[in-house]
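The structures come next, written out as structure tokens.
Next, two complexes with chain A in common: one pairs it with chain B, the other with chain C.
Moving on, here comes the complex of A and B:
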């Protein structure tokens, strides 16, 4: 086997490390994308009998955004097998306890229920902020695109942009804004 | 402190007549600019309506009678705070329809999207006084990031 073919073989079957910035991202929508990368479904050589899943490093998981009133409405169920041992935890309470938990659970669910789930889940690395260990940082070679653009707050926009933005509303001449 | 400010204001108003007229019976709106022109023996004092300071940034209006937002042809989201900012007062309240000149559907849509932007903490500077500007300082679930879906707004053309 020539050195070109050998390096092509390595390049094809090597595990890649992707980074995903979870700032202002919906964990339940982005978990579908992350699960695709963890299982290797984004590769042309993907096959159920072929283990070609990649590693995904999720950063800033404490900055995830949930839709509407989901922080209150979404509930995580747990049962400790005793009588009366059922407990329901709201999403914001779980997030307060562990800011990586919602992201992990969302991906775990998106991976599907079969035997590849645990191997794929082990390739997921969730960090609550952007401080990641150096040995993981050195592996990173690709970035997964965010689903939603990060919104800009009005107090973070520069005064020049505020001044020069096109105006849609034409107020009546005698109307003065307070 | 308030007393000192009161004294300073009084001094400025009554003992320093050089400053421009600062006593008024009604609220000053500064709609017209008062100009004094002296020509020989005649003094002309006239009130001129000043053009809007952002007149050059105004979008062209349509002839077909469509409202400014429909004729602009933009898909407004609740994260477009620079657009939504133009429809609210300094305390974040929505302006009435006779002022904004929007059509019924757009007025409702913009009103809902302004509420969304406030709840997502994107318009912290446009709030009543003594309000928390930073959404991270809110309590319980309110401090976590929340986004909204515009398809949940019922008012739409199609």
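Moving on, here comes the complex of A and C:
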């Protein structure tokens, strides 16, 4: 193999490092996207016999958003193998205990049930906020697009911006807004 | 139905005669396997295997084979020249010795091919170099010479020669025929064709049989410039442009065991080429190499060597020391 082909090969089979911001994202829908990157299904060289999965770093996992009443209704089951050892933990309880757990479990499930699962899962790095170790930060080279745009919260808008916001009607100062 | 019929017939004959030895068996006898294994083992153990060259067989018809050789290649070799091209000096010496042993005094009427070989070497070298210069006008002279050496190397020519079916036709003392003899036979054939038809036709013969094999090869494997950055800077300097400046345009997994760097070289903000590597130095070298190959039109994505150009004299490509893009474009 010539050095040109070797270099081409090295570039083709490079393991990329992607970052995914989980702020206000549904973990179960985002995990489908993340699993695709972890297994390398987004690459043209992807093949069941070809190990070409990438690393994904998920940040802000404590800021995830579950739909509807899922915080109360979704239950995580665990059994400690002793008699009467079954336990059901609600999503909000689990999230309180470990803010990365829901994201990790969602991706673990989305990876599918076969032998590639554990290797792919090892390439997932979940952090509860945006503080990630420098060593991992230096590896990053790409960003995965969020499923939904993060809306701006009313309490985060500055008073000057509220002042300058265009009004449809100029109300008299004596007018009382209920 | 047929089996039924056979069975009834057998049943009818049963009292009269002994059973006919008719066995319907699907498997191979159990004794066959160990016998074959033993035979193969003995064959491998044999130190000097019995050689059976095809041309020593009793049904070998040399004249017919020579005719077929001509027809197969669709060439118009003259028969006497073809006969001479296949006759090596060692064969004549061997034949004369054998004649002396028997007591025959008369001389052999065979001519050996040494003269043809020498002539063929010159012709082949000339044709290959001219054609490569024609077909790769932007490549430097070093590349052309390396490709020529590769094409006319002993192993390659021997393969080509046995590929067109000379192996059994060669008259030589040695068996199996050595690579050098196969190569020399090819040269002799080139010269014989030159004498039979003309030089232009020989050019086409060499182009179709030898040079066309380059189309499927990775040319960089055959020739790769050492220290590409220096060469690139020399060329840029000669063209009066700014020196190459390399920049990282992409990197991933820097702190892992398999980092990838993507580096591009620019001259005065103009993109020249880019390359990948596992370290910055490696990637920079690949980027410079990519820029050079882009200039020489030797990239993987550039057109493969065309094998249908007419054969004519071409002027030599300039060497790396004096290569300049402005001369060519």
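Things worth noting here:
Keep this in mind: the second predicted complex is superposed on the first by the 155 of 178 C-alpha atoms of A that agree within 3 Å, B and C clash if a C-alpha of one lies under 4 Å from a C-alpha of the other, contacts with A are read in each partner's own complex, and residues count from 1 in each chain.
The rule is short, and it goes like this: a residue touches a chain if its C-beta (ideal position, glycine included) is under 8 Å from a C-beta of that chain, and two chains touch if they have at least 3 such contacts.
Bear in mind that the values here come from a model prediction, so they are computed numbers and not experimental data.
In the superposed model, A:68 lies in contact with chain B only, and not with chain C.
Look at A:135: by the touch rule set out above, it reaches chain C but stays clear of chain B. In the overlay built on the shared chain, the residue A:10 is in contact with chain C alone; chain B does not reach it. Once chain A of one complex is fitted onto chain A of the other, the partner contacts of A:170 are limited to chain B, with no touch recorded for chain C. For chain A, the partner with contacts to more residues, out of chain B and chain C, is B. After overlaying the two complexes on the shared chain, residue contacts for A:2 are found with chain C alone; chain B is out of touch. When the two complexes are laid over each other on chain A, chain A has no residue in contact with both chain B and chain C.
Remark: chain A residues 1-5, 7-8, 10-11, 14-17, 55, 135-136, 138-142 touch chain C in the complex. If you check the complex, the residues on chain B that touch chain A are 29-31, 49, 52, 54, 57-59, 61, 68-69, 72, 79, 81-83, 85-87, 89-90, 95, 99-101, 120-126, 133, 140-141, 144-149, 152.
Chain A meets chain B in the complex at residues 24, 26, 63-72, 90-92, 95, 148-149, 151-155, 157, 161-162, 164-178. On the chain C side of its complex with chain A, the touching residues are 218, 220-221, 224, 250-256, 258, 260, 262, 275-278, 282-283, 286, 289-290, 293, 300.
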